[in-house]
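Below you'll find a set of structures to go through.
Shared between the two complexes below is chain A, which pairs with chain B and chain C, respectively.
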Partner chain A sequence: MKPLLSVWIDLLKEASERRWILAIAAGITLILLTMACALQLDVVDGALAATRFFGKPIRTDIGAVDQTLRPLFEAVSDLLYYGSLTIGIFVSADFGPSLLEPGRIEQLLALPLRRWELLAGTFLGVLTLVLVGNLYASLGVTAILGVKTGYWTVKPVASALMATVAFISLYGVILATSLFVRSASISGTAGFLLFIAGIVASFEKEVAGLFKPGIGRVFFEIICVPLPKIGSLGVFSQDLGYVSLPDWLQVSRLLLGHVLFGGACLMIGLFHFERKDF
Partner chain B sequence: MKHRRSIWILLALLLFLGAGWLMTSEFASLSPRRRPPKFPSYMRQDEVVRMVNRKHALMLKAWDSATKAQRENIENQRFDPLLVALSAVRTPRTLLIFEIAALEKLPAVQSLLNCMPKKVKDRALKFKDKTGIDPFTSIERAAVAGDMLLLSGDFSGANWGETFSGFQSEPYGKDGMFYSHSGPNDAGPRGSSFLVWKDEMIVSTDDPEMARRVVDLLEGREGFEKEGFPELDTYGQIYGEISVKDAMEALSDSKDDLAKRFGEAISSVKIHVDASEDVVMTAEMSGEDPDRVNDVAKSMGAALSLLRVKARSDEDRNFTELLDYARIHPEGGSFILDLALPLDFIQRSLSNCRTE
Partner chain C sequence: MRYNHHYEDTQMNAIEVQGLRKTYANLFGRKRIRALDGVDIEVPIGIAFGLIGLNGAGKTTFIKTLLDIVQPEAGEIRVFGAHPESPETRRRIGYLPERLHMPPVWTARSFLKSIARLKCIHGPDDAIEMHLDQVGLTTAAHQRIGTFSKGMMRRLGLAVALLGSPDLLVLDEPTDGIDPLGQRDVRRLLEAERNRGATIFINSHLLTETEHFCDRVGILHHGRLIRQGTVSELCKGSNRWLVRFTPHADTEMFTKHGFIKANGANEWWFESSNLESLNRAIDRARASGALLDGLRPDFKELEEILAETVEKNP
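On to the complex of A and B.
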């Protein structure tokens, strides 16, 4: 366990030294600060009475804060979910290839580390990075809107956690690809293609309806089966709190499905990594 | 080494299978999301057609001080007889028009009708057999304005002798027939005087003079200025205006002095109810002073919010669902209150009703 932990810490140290990761953190902070300073919400007895952005009145409905701000919370959920997945793909695509850099990999393999520990440590390190970023952004939004409206909800945090779980499946593909082809752009592209395919697969029934019945449609339906349903999880993340009885069995199955898919990709990466000579 | 590698690939296969099973379309596909209610805010195409089809070429007489152009306009334009008849009632008053024929076909109303006690259905059947008037098909619209009730539709199959047995009949105007109780109690209690016009309108009021004025207007003996309700506002299945006094009474239980401020700031309240899918209502309130109107809008928003919180804490599901979509849209000098009851909620609530 200790070697895995040291790989994990090593990756986080490496991330903290990367300027563009710091730039993303600074960007999130800037967005949160802008939101905190520019957004003025006038709440009377739990009802949103007026909204101002940079001092300019915005025409908003007057009603219960949670209902009136529903479009805002839905937009925040979408931004957190899809934004963190997109940024996560580009941020993490480089870690695998840099791990396999000539000189560095030989040095790492010379340490008392097993190969699976090296990969698992990298995987967990990247996930931690994405989780910390997501929690920072979601807790920031929650705090700002909570203080300004008096309406406290864990909805943005739940969306951020769902995004982190969805990212497991994406990073599984990114890391496995980088083990086959040591290229940040190719592994990043593989992750991005899975991201798109995962959204399309979530609308399987609708998309399948566009195909004529036959082999093409059957092929599409078969391909969709193992794909992570990223769009479905996104819809649940947006609906949280507004659907009176969310189907928790469905949500749990989706979350576990993403974890298993990411794990399966990691296993394929390990299969290749174990036999590779450096 | 080779053995361990085969474990990875075996594990990968198992995990893929597991992921595929967990995320099969049965569980992962998106169920249709509940669409937000559509609030009536303008006349739809079918309602425009309905409005146009209702217009008749009536021989109306312009009011005395009308200009030549206004006179020509009144003489050449086609009008909806019900809206003309409603102009007989002086304002301010509460006026509501119910599109009975349209309402009857709607899913929410069907659910309600299915819950109608058998006794009531039997009574309606007996009434139809006796009078030739089917309350569900003969009446197209019903309007309540002040103390007057107007029914419009196709009453050509009506047996008026049976319908008004015990009443004294007297022709009035060209196409009117006045039915009233004989004897000294001519004015009678509310609804005891009826006037039937052209087998297409029944007027019921406790003021016989008002019923006669309706026919005078429709037949061009009394000066006509404008309809009792603007034709472009005849959208939805229930629409009309509420007098400020009646609206204040509805608000009298509210905290602060909301009812008083409402009375001071608001001069007109128009409502539209649409039950095509969910049952939705909009109420447009306007007044002369935009600041005071805006102040009332904010207070009403806060009151609705507090009611919702209270309904939630009291676990009053019906009231909570009604208030979930309650919203106020400020429009500058006016504001619109939206209320909605989702159809699935109505159907759920009425699913266990007893009709015996």
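On to the complex of A and C.
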């Protein structure tokens, strides 16, 4: 396990030196600071009395904080979930191809580590990077809203964790693609296509209705079966506080689906990587 | 003849390769290029082995198969008696690839620390500083690799290979891009590594460097190892010796004692399979008043040997 951990540490160290990852971290910080400074929420006796953004009043019905803020938390969850997946795709697309760069991969493969350790370390490193980013953003939002309203909830953090699990499937495809075609743009595109396909597949029944009954619809339904349901998980992440037990079972199934899909892609990539000459 | 003592003392081979074949094919398997065609090589522990050949001869492919970076279609490879896939075997190998790409955002020192971690070297700081000094990068240790010149990259690559004092150094064009004085430093460094007992396998286009440094040389051509042997075995042209005397009027005297006129002024060939007859002939010439000015065996340059070998095997 030690070589795997070393690869994991190295990836995080390398990421911390990359300018545009630092720029994204600075961007998240800037958004959080703007939110902290510009958003004013007046809570009186547990009810949200007024909301101001950059000093301008925003029309809000007076009501219990948790109910009134529900749309805000839903929007924050959506932003965290879809935003982190989108940013994650662009941030992570380059790690695989950079690892496989001629002159670098030969040096790595000559070291006392196995190919699967190199791949797994990279996979876990990128997931950690995304998790840290998601936790930073979600904890920041939670802290800002909690301090301003006195209403503390873990919903943004849970959304961020769900996004990280959903990212397993996306990064599985991105990394596997980069093992076949050493190109950050192609790997990123593959991840982005899966992201879109995963949203479409989540609304399979609604979309299938757009097809005429026949081969086209059946083909669409078959294609949707193995795809990770990114949109469905996004819907659950929106209002985690309001899901019932059966919904939780479905959430677990969705999470497991993402893990299995990502794992399967990684296995295909590893199968190819183990036999590949450099 | 420069034999390392390890070469004669040990039975164990650092590298044993038998019947190694590798064919590269394109995506659809139509265009096939045979890179290695049944290569057999044995490299005893403690010697410096140089692999030479033209571009595309299969030298880099051979090195990569040694390290399991390229997987052969047939053949047996043993490094210190074990398969190179094993991390334990690879822990004993230091490798400098022909093409180098190191993460540009890292500094030289932090990159070496990362490699030390991957090689599971405990407390590597002193060794890192020592290798940085050996390759002349101490002052640049804090610089980002992205700012390095080609020669500096090569030096850092060499430091990576040396880290952990490996038993086998596999170096693909070790002095490529390094300035002449730096090349001299690298040669000294490799000499020190050989004296430490490390086996050195070099793939180089610089034949003079190979000739002067390596104990054994192999010539690879079209994926086949056409010739191999010690430098003296390969370069020895015949049983002739080139003898140079100071200017002497009586040329007939030399002819009488078995010398044959060579092209150079005051230079003579003497053919002899043993040193006694050579010494007797020289003594007779000296007794006739000639003064010996120089003596060397009829050695060919490695470049000449490579050219001859390639011409004979088109």
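Annotations
We adopt the following convention: the second predicted complex is superposed on the first by the 273 of 278 C-alpha atoms of A that agree within 3 Å, B and C clash if a C-alpha of one lies under 4 Å from a C-alpha of the other, contacts with A are read in each partner's own complex, and residues count from 1 in each chain.
As a working rule, a contact is a pair of C-beta atoms (placed from the backbone, for glycine too) under 8 Å apart; a residue touches a chain by one contact, two chains touch by 3 or more.
These numbers were taken from a predicted model, which means no experiment stands behind them.
Superposition of the two complexes onto chain A shows chain B and chain C fitting side by side, with no clash. By the touch criterion stated above, A:S6 is placed in contact with chain C alone, chain B being left untouched. In the superposed model, A:R275 makes contact with both chain B and chain C. Of the two partners chain B and chain C, more chain A residues are in touch with B.
When the two complexes are overlaid on their common chain A, residue A:G257 makes contact with chain B while staying clear of chain C.
Of the two partner chains placed by the overlay, only chain C lies in contact with A:G103; chain B stays clear of it.
Looking at the shared chain after the overlay, A:F203 reaches chain B, while chain C stays out of its contact range.
For the three-chain overlay built from the shared chain A, the minimum Cα spacing from chain B to chain C equals 10 Å.
Residues 275 of chain A lie at the contact with chain B in one complex and at the contact with chain C in the other. For chain A in complex with chain C, the residues that touch the partner chain are 2-3, 6-7, 9-10, 13-14, 17-18, 98, 101-114, 275, 277-278.
Those residues of chain C that touch chain A in the shared complex are 24, 64, 67-71, 87-88, 90-91, 93, 95, 97, 99-103, 105-106, 110, 114-115, 117-120, 157, 160, 170. Here chain B touches chain A in the complex through residues 1, 4-5, 8-9, 11-16, 18-20, 22-25, 27-31, 33, 297-306, 308-309, 323-330, 335, going by the rule given at the top.
Those residues of chain A lying in contact with chain B across their complex are 44-50, 59, 61-65, 67-68, 169, 202-205, 221, 224-229, 231-232, 235, 239, 247, 249-250, 253-254, 256-258, 260-261, 263-265, 267-268, 270-271, 274-275.
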